[in-house]
């Protein structure tokens, strides 16, 4: 066989060319990666400098005002908290429960597959469509008005598919051998779920939940749809109160004619970003902490 | 409640060592033109009555009327008088209401600050610019000698009272130019004009007042043939016409009876609106009109 | 094969067949597994060894689309007859240890206490006792007694495997199934587990799957040779390794393939 | 010596009927919860559908799906041809993809093939922050930073145009493309790379000729999903693209997307029951069909062409 | 050990040490690998066999945080000296076959053509020839010649492994490293690969890692025994299996552990 002539005879020049191509590509790929980081930096620097004049404690403790100096996000911040206090339990109970059902109990048939496909597709449906749903279902048909309840439920429905999908993923990534260990001890299905599945899936579920909650906190469009664009100078007292939330407040400031309000909007954006980055960091922290193990 | 500036004792009233103030919730919605006035009123009202919950939406006059008819709001703001259809629907819904004058606005026509050719416009010229049926496309089509650049139109949305008023006075019920960008967000209009030398738009005087550096207001030729720039004086003395218009609130009579907070808020509004109107760039009415309104309101209680 | 029946069987398998979907993985298996002995199962990869022992505690049913025919009797009860044998009870009596150590991501203590506690035993004193006994039984007590609250993953592979054995012991099973329990371990840990198996057979019946023929020879009393889902030969271990009846057995144990 | 564990367990078994009841109730409980979630998914479709049907009571279906003029606010003869909104939507989506595909994929290759574990650990979360920035903040960024920046290059670029929000939407979806594609590439077994390295391939040759083809379906589905996100993006477009429904593919012109139309109407809170009010459902339905279709496509691609390693 | 030097070494390893992070995995390895012979590497799991042969073509560097000391000479060139040996060239001359067959998800043809084509050979005629020769060399030609465009994954495990060997042959290496090439194969495929190894040594120097002692005995000329990262013994295969010098070697080859 080796009597034939050698076809592959890597000569110096050709090798050099391939290696420098590789080096050039590496630089191009790196620049592309860096681009995203650079835009992020520009964006953050910009809103921080723009909002710098209004970044103080008053921003957090004041209500909105016609006067930029006195404007604050108290109502919006607390409104966001109120809305989340509806969204979180509803989305988590429905989301995790559905994920457990689909992963652990549902028969593996066409119908289940259809449901799963449907849910994962809903995760990609634009938020504004959920706004339409909230407007029709909660605000109008169920007569909740533009209340915290309507807003919270709308947000819950919006993130529900995402939570279902990420919880399913978390459950699915539990190694089969953990189930086997439990079953081999004579555990029942529910015991397995309680003692093996939930503890092991919690970090993953939590990560997904925090990330989707942070999405909900940053969303404007669905709440705009249900008519949350308002001037409010009080803190909601119940889930039936009217409310405003941070992104809406930012949007409303940004639509003011005065340049000062653009700066207040930027200051509000900084606060919103800090909240979101903090939530993301927590989620990433959880993910890193638990992905190390095995 | 009184109309004094109380910004300074905010913390005092929160601590509750001044009078208890009013509690309860008030739903207000409607005109974006009136919004700056109402926002100021609501802010002061909330400072004096920290337990009161005043919500002010910005749905435009038409959108506000819609909610008012649906019974969702206690007070609705309007930058035009109520339409007959709206009144009919309210009657059908069994909602009684009362109209109050709040202030005057000079609907301001604005162009880009670098636009150095437009020195004044007549109502006819305005309508040729804005009507869909007219064949005016460029500034040169409006007046010879003006640049041959296509005019960019930015108009308040069709739900707004501003649009309705403009429609009545300038468009005369005809179709607005289909190239016009419509927006309920007045700032979009400001941005639009700021962004193009050939743009033209119109909106409430308050928004112009806030953007004097960014846009240029166009004097409008009135019935006397004088080109008048909108200002407090020209609006109040009636020389800026026909684009001066009154601003209103409509209160639901029943709310005035049953909802003390709504009543107090309405009262406070009438007391404060003159001051607020001036502060945010509109024109206050004569004091006697507010007094008249207050006594009308008193009767509703 | 007369002596097989002289010892009371803990499992009797009769004409057992198993399919995954359409694929037959076990064909006409019949054998009797003696009590308090070590039975080794050997055979090349894919011959159905794991499937077979997973059938004994019905773990095989966790895989989708499994179909079975024939009977398996645990102490004379048909294990598939739900009226007489609850699967949870069967698995409590027939413990299992896997190829890869699979402790729970919990403390050493909680790993051992898991079995008793899912069966409703919460009394801390009893649990303490069980943990100690089981760890002693698995020859792990001395190495971990000072750090029972440490995470099980902080143990070495061999210790983890003994922990898994201890976990299985905690519910006091009758039988322990072991599926290549030393496959992922170093020589030293392997030796420890082999010693442990030897000790355990005083109290338990043990069935061990192994790739390592020397291991089978060292630890087991009886050996079953599987090939392509069939039981080729089942006999005293000595016999299998010195003088098997079947040529294929001979080829396999002498390393001609596998 | 205490009683044997075996006996204790037996005893407990007998007194534990509660447990077996829980065991029986749980599946039903979870089924109930799941049904609720499933109802929601059906709810969306039903809601959109019923209101959309009412819309087609006022406007001809044919006009809607074939019309090229979208002037809903005209009093005398409003026209409801959806195409200007569709073209605006896709114009934005295409600009976004033109930005996001090269950058997102390059970054994915860099992170999956070149970056060290350490730098991956730093870069990845930061990139994910990009995806988490509220769209309203992006919208303001587009309007007040990117547009003026573009105006300094492109003379006569109007303040509201498709280009600027398109680019910003592109930036927003970069992380999605990067992380999903990178997942797909990372899922390519190391053994496959080893196979190529062992033949003397450079990293680039391994990445382009082995990893990318092997991860192709994952990459494609990440692109489809990103596209679907771009189509559904609302606030960036509503803030910076203007509101002129043009059948134009000129990126320097102002356009209107389906989402920004819905926002425009809902901000004015169109009269309940009016044709315009129902039109947002018809538009919403169209949007839903497009994004749902794209998601199904992505799912199909990743299933159909899933690599068997 | 005098005869080791009588044959020209293709690789000389001198006092070689390797760490993964802080963990030393290879300690003071020195040996010379003869040309056109089969050298077997045996040893229990984790003893560093794979690490060792991956060092020979510098694949080991793909793992993060590897640190090395000592010299390895391929035909008298220090393989770590980038001035003389480019890693891409080294890997072209030193081919490798892995434990699990790892064809690319491409057609059979493209799998073989991959190597030549990255080296710039695009001429379809030459490629056709290379594909045919390589497949013939790997004893796979007859089985696949009618479906060269079929996806490589449609082949059986044993065929895939021969495909990977063919792929390695396509760039005409001098040395072929094989890391447990039959570990995941059935007996028949194993026999085929063993035959192939036997044929290949006419043209290539082969280094093969194996778990299966019988396999080492059957195919190799020389055998190196690794334990815990040390080279315990390196000698003629016959000697290693019949009369090793070191007790540990003896224990291992007789199955006492591992």
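Just so it is clear, A, B, C, D and E label the chains in written order, and each chain counts residues from 1 on its own.
Going forward, a residue touches a chain if its C-beta (ideal position, glycine included) is under 8 Å from a C-beta of that chain, and two chains touch if they have at least 3 such contacts.
In this text the structure is predicted, and so the values were computed from the model without any measurement.
Colleague: Out of every possible chain pairing, name the one holding the most C-beta contact pairs.
Modeller: Most contacting pair of chains: A-D.
Colleague: Just the number, please: Cα centre separation of chain A and chain C in whole Å.
Modeller: Their C-alpha centroids are separated by 46 Å.
Colleague: So what's the Cα centroid distance for chain A and chain D, whole Å?
Modeller: Comparing mean C-alpha positions, chain D is 13 Å from chain A.
Colleague: Distance-wise, how many Å sit between the C-alpha centres of chain A and chain E, to the nearest whole number?
Modeller: 48
Colleague: Could you tell me the distance, in whole angstrom, between the mean C-alpha positions of chain A and chain B?
Modeller: Each chain reduced to its C-alpha mean, chain A and chain B end up 38 Å apart.
Colleague: What are the residue numbers in chain E that touch two or more other chains?
Modeller: In chain E, 88-89, 92, 115, 118-119, 170-171 touch at least two other chains.
Colleague: By the touch rule stated above, which residues of chain B touch at least two different other chains?
Modeller: 59, 185, 188
Colleague: What positions in chain A touch 2 or more of the other chains?
Modeller: Residue numbers touching two or more other chains: 10, 18-19, 188, 227, 229, 254.
Colleague: For this structure, enumerate the chain pairs that meet the touch criterion.
Modeller: Applying the touch rule to all chain pairs gives A-B, A-C, A-D, A-E, B-D, C-D, C-E, D-E.
Colleague: Show me the residue ranges of chain D that touch chain A in the complex, using the header's touch definition.
Modeller: Within the complex, chain D contacts chain A at residues 19, 22-23, 26-27, 29-31, 33-34, 36-38, 40-41, 43-44, 47-48, 51, 102-104, 106-107, 109-111, 114-115, 121, 123, 125-130, 132-138, 140-141, 144-145, 171, 174-175, 178, 200, 202-205, 207, 225, 228-229, 231-235, 238-239, 259, 262-263, 266-267, 269, 272, 280-281, 284, 287-288, 291-292, 294-296, 298-299.
Colleague: Under the definition above, what is the set of chain C residues touching chain E in their complex?
Modeller: Chain C residues touching chain E: 44-46, 184, 186-187, 190-191, 212-214, 217, 254-258.
Colleague: Which bits of chain D are touching chain C when the two form their complex?
Modeller: Residue list for chain D touching chain C: 2, 4-6, 8-9, 12-13, 15-16, 19.
Colleague: For chain D, which residues are in contact with chain B within the complex?
Modeller: 71, 73-76, 143, 147, 151, 158-160, 242-244, 254, 264, 267-272
Colleague: Considering only the defined contacts, which chain E positions touch chain D in the complex?
Modeller: Checking each residue of chain E against chain D gives 57, 59, 62, 64, 88-92, 95-96, 98, 100, 102-106, 114-115, 118-119, 153, 164, 167-168, 170-171.
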